[in-house]
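Sharing a structure, written as structure tokens. Questions coming.
Going in written order, the chains are labelled A, B, C and D, and every chain counts its residues from 1.
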Amino acid sequence: MNSWDELLSPYKQAVEELKVKLKGIREQYQKSSNHTPIEFVTGRVKPVSSILNKAARKQISFEHLEQEIQDLAGVRIVTQFVEDIETVIELIRKRTDFEILEERDYILEQKPSGYRSYHLIIFYPVQTIHGEKKIQVELQVRTLSMNFWATIEHSLRYKYSGEIPEDISMRLMRASEAAFKLDEEMSIIRDEVREAQRLLLAKHHSQDVQ
Amino acid sequence: MNSWDELLSPYKQAVEELKVKLKGIREQYQKSSNHTPIEFVTGRVKPVSSILNKAARKQISFEHLEQEIQDLAGVRIVTQFVEDIETVIELIRKRTDFEILEERDYILEQKPSGYRSYHLIIFYPVQTIHGEKKIQVELQVRTLSMNFWATIEHSLRYKYSGEIPEDISMRLMRASEAAFKLDEEMSIIRDEVREAQRLLLAKHHSQDVQ
Amino acid sequence: MNSWDELLSPYKQAVEELKVKLKGIREQYQKSSNHTPIEFVTGRVKPVSSILNKAARKQISFEHLEQEIQDLAGVRIVTQFVEDIETVIELIRKRTDFEILEERDYILEQKPSGYRSYHLIIFYPVQTIHGEKKIQVELQVRTLSMNFWATIEHSLRYKYSGEIPEDISMRLMRASEAAFKLDEEMSIIRDEVREAQRLLLAKHHSQDVQ
Amino acid sequence: MNSWDELLSPYKQAVEELKVKLKGIREQYQKSSNHTPIEFVTGRVKPVSSILNKAARKQISFEHLEQEIQDLAGVRIVTQFVEDIETVIELIRKRTDFEILEERDYILEQKPSGYRSYHLIIFYPVQTIHGEKKIQVELQVRTLSMNFWATIEHSLRYKYSGEIPEDISMRLMRASEAAFKLDEEMSIIRDEVREAQRLLLAKHHSQDVQ
């Protein structure tokens, strides 16, 4: 096993375990016939080339990689509605199988680029063949629209090596606004659906009583 | 095996095979370092309760189910950009492992509800333990935005048993317009990205030549 | 969600998590180029019909099912060599993500039927949408031969509703002996392979020194 | 995409498709409540290092690899009983989604090493992004015992670079005989189980008639 495999092996394991755990949450909601706050879950270990770039840019030595780069393991939880994000965060906070190190709310305060997401850094215990090891994992919680936009922005950022030309940057901002608008429209419908359901249930109830 | 299991078993098999085949296309693009026109692929066999509803509504007998209900098996191919849809359709038309029975373009002509997608009905051969059987499968090709909107609309349609109240219907139309707007903004960026790449490559080429 | 789904949902989740965790152990060994003590891992939740049979036979009420039936969730770890079983047990004992409630060694003392396996009952914490829940899971550790025989015996036991006719029972015992013999032959080779490797390494070392 | 990725990409795809197809056969049997002739299915693309070794040993150039090395893609179908192998072969012969190029029966005529398996070389059409491509795939059909032994033998052969010392070779032969004996004992039980079932059904029938 080379040193990269050795370094990243527990991160890969953590991603696999968290994916199974969070997909399980999704299934529990589906079986209970309630709206599931989790639309889908993805995860990845940061590619070695991206680690090297980040380490070079921030002058991090191999020995400090695990401490300094908090997204070696990343798990993304995507929701339908903005309101679902809070539900997901509550579910994460309640769990006893890992600790939360920090939280960053890029939805309340979106990044200048237009990026929106809720980030949590957790400290996750992995059982290796040499015993338990606790590692940092970044959880990202976002809506489908936020995710769509972020995927596009990420590929552009990658293509321009981080320095996106201003005109394209402005276009991205406009797309981000369109994504935000879509989230708003969806949220409005969500409230109406709930209201409609409440009225319907109330009507049924009154009929049953008569 | 009950009669539903027996009826739906080859449809389940077709969905599994088509998912593996189309995900394979995605991987081929990724390995070739080209923009992949396929973001993700999902599939499902129509739940028995939905089949019964549709059969009752359209007065279809059990014997005619397979012929009359074209979406017993459904596979969805989701793209990042509107332009990717055409690429996916071309890939599907080139394949020799099934026939295309019909195509319906709900993007050029969106449904009154606001629904947009490109549909293809294919005739797919499944090898069962009793020999080959050809069945109909519906392929839906759509962007992430179209898919997002359609998912919401489907759950509302389900909740209101197909008759969505007019005010919610109008809200859905507005959300559909927001989704359309997002697709447009993304398309504009896509062109710029391509243009930027073309310029960059041209510049590199001229430098190499000098 | 019906009461069976509700009861079994955390057991299903535990099986999925343990499969990912134990398969991860297998991968860690493979990457480290060492002989992996784990050949494959399978898991299942006990089918409702089997639960009902067992409950009827042992007169267990629905309220006591979770306490009295220890194999509602079962995970099987299959090894190539008998010697690997001890290594797997040690790995399980070292883990900090669950407790071991009891261990039963049906290899040292095989069952009268010819059944051989090492069983551990663990107490595993699952995070549900209502909080943490600790459940019992049965881990079975056995060689490929033991597993092969047990699979056959299980299907016969099922067919004869637990009462296998004596002549078939004797045939099963003979098959069990053949499986045991195969394990022994394999163990002998294993030792020779190790010895051969030791000699080879020693030879290389002496050559390097000269 | 480097040339190895490019060469092996359709082989990887063929393996994935055949695994889904053959696992589907297994599920069809399970749903029909009949004994399934397929216990499990595995598959792999030959590792580049093994391809290079074989090419060097047999003096095959890169251009002739695809024609000369027939097991670039390999799929293994493992059965419980020797008798199931024939059933699997018949299922394979009936399929219309590929052609059979040749068959080799190493069960009727086992290799001098003790190796037993039934091999079929098929010509399988893969749909690539550049159109259809037909490639060779090796299917191996064998019992659990044969598979167990072959796995051990393969790892020893690998360790001794193909030249297993005579004393270990003899040990392997003895293990192969033990595996063969286990298959025989299992076959005898299988016949008895069938006979028992036939008697039972006959008895039920006579009772129903009275």
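Worth a mention:
Keep this in mind: a residue touches a chain if its C-beta (ideal position, glycine included) is under 8 Å from a C-beta of that chain, and two chains touch if they have at least 3 such contacts.
To keep track of the chains, here are their UniProt names: A, B, C, D = GTP pyrophosphokinase family protein.
None of these values were measured; they are calculated from a predicted model.
Path length between chain B and chain C in the touching-chain graph (shortest route): 2. If you average the Cα atoms of chain C and of chain D, the two centres end up 25 Å apart.
Averaged C-alpha coordinates put the centre of chain B at 35 Å from the centre of chain D. Centre to centre, using the average C-alpha position, chain A and chain D are separated by 42 Å.
Counting partner chains per residue, chain C shows two or more touched chains at no residue at all.
Viewed as a network of touching protein chains, the structure reduces to one closed ring of chains, two contacts apiece. Contacts between chains, counted with the stated touch criterion, involve the pairs A-B, A-C, B-D, C-D.
Chain B makes touch with chain D in their complex at residues 1, 5-6, 9, 13, 16-17, 20-21, 24-25, 27-29, 31-33, 91, 94-97, 125, 127-129, 131-132. For chain B in complex with chain A, the residues that touch the partner chain are 80, 144-145, 148, 151-152, 156, 159-160, 165, 167-168, 171-172, 174-175, 178-179, 181-182, 184-186, 188-189, 192-193, 196-197.
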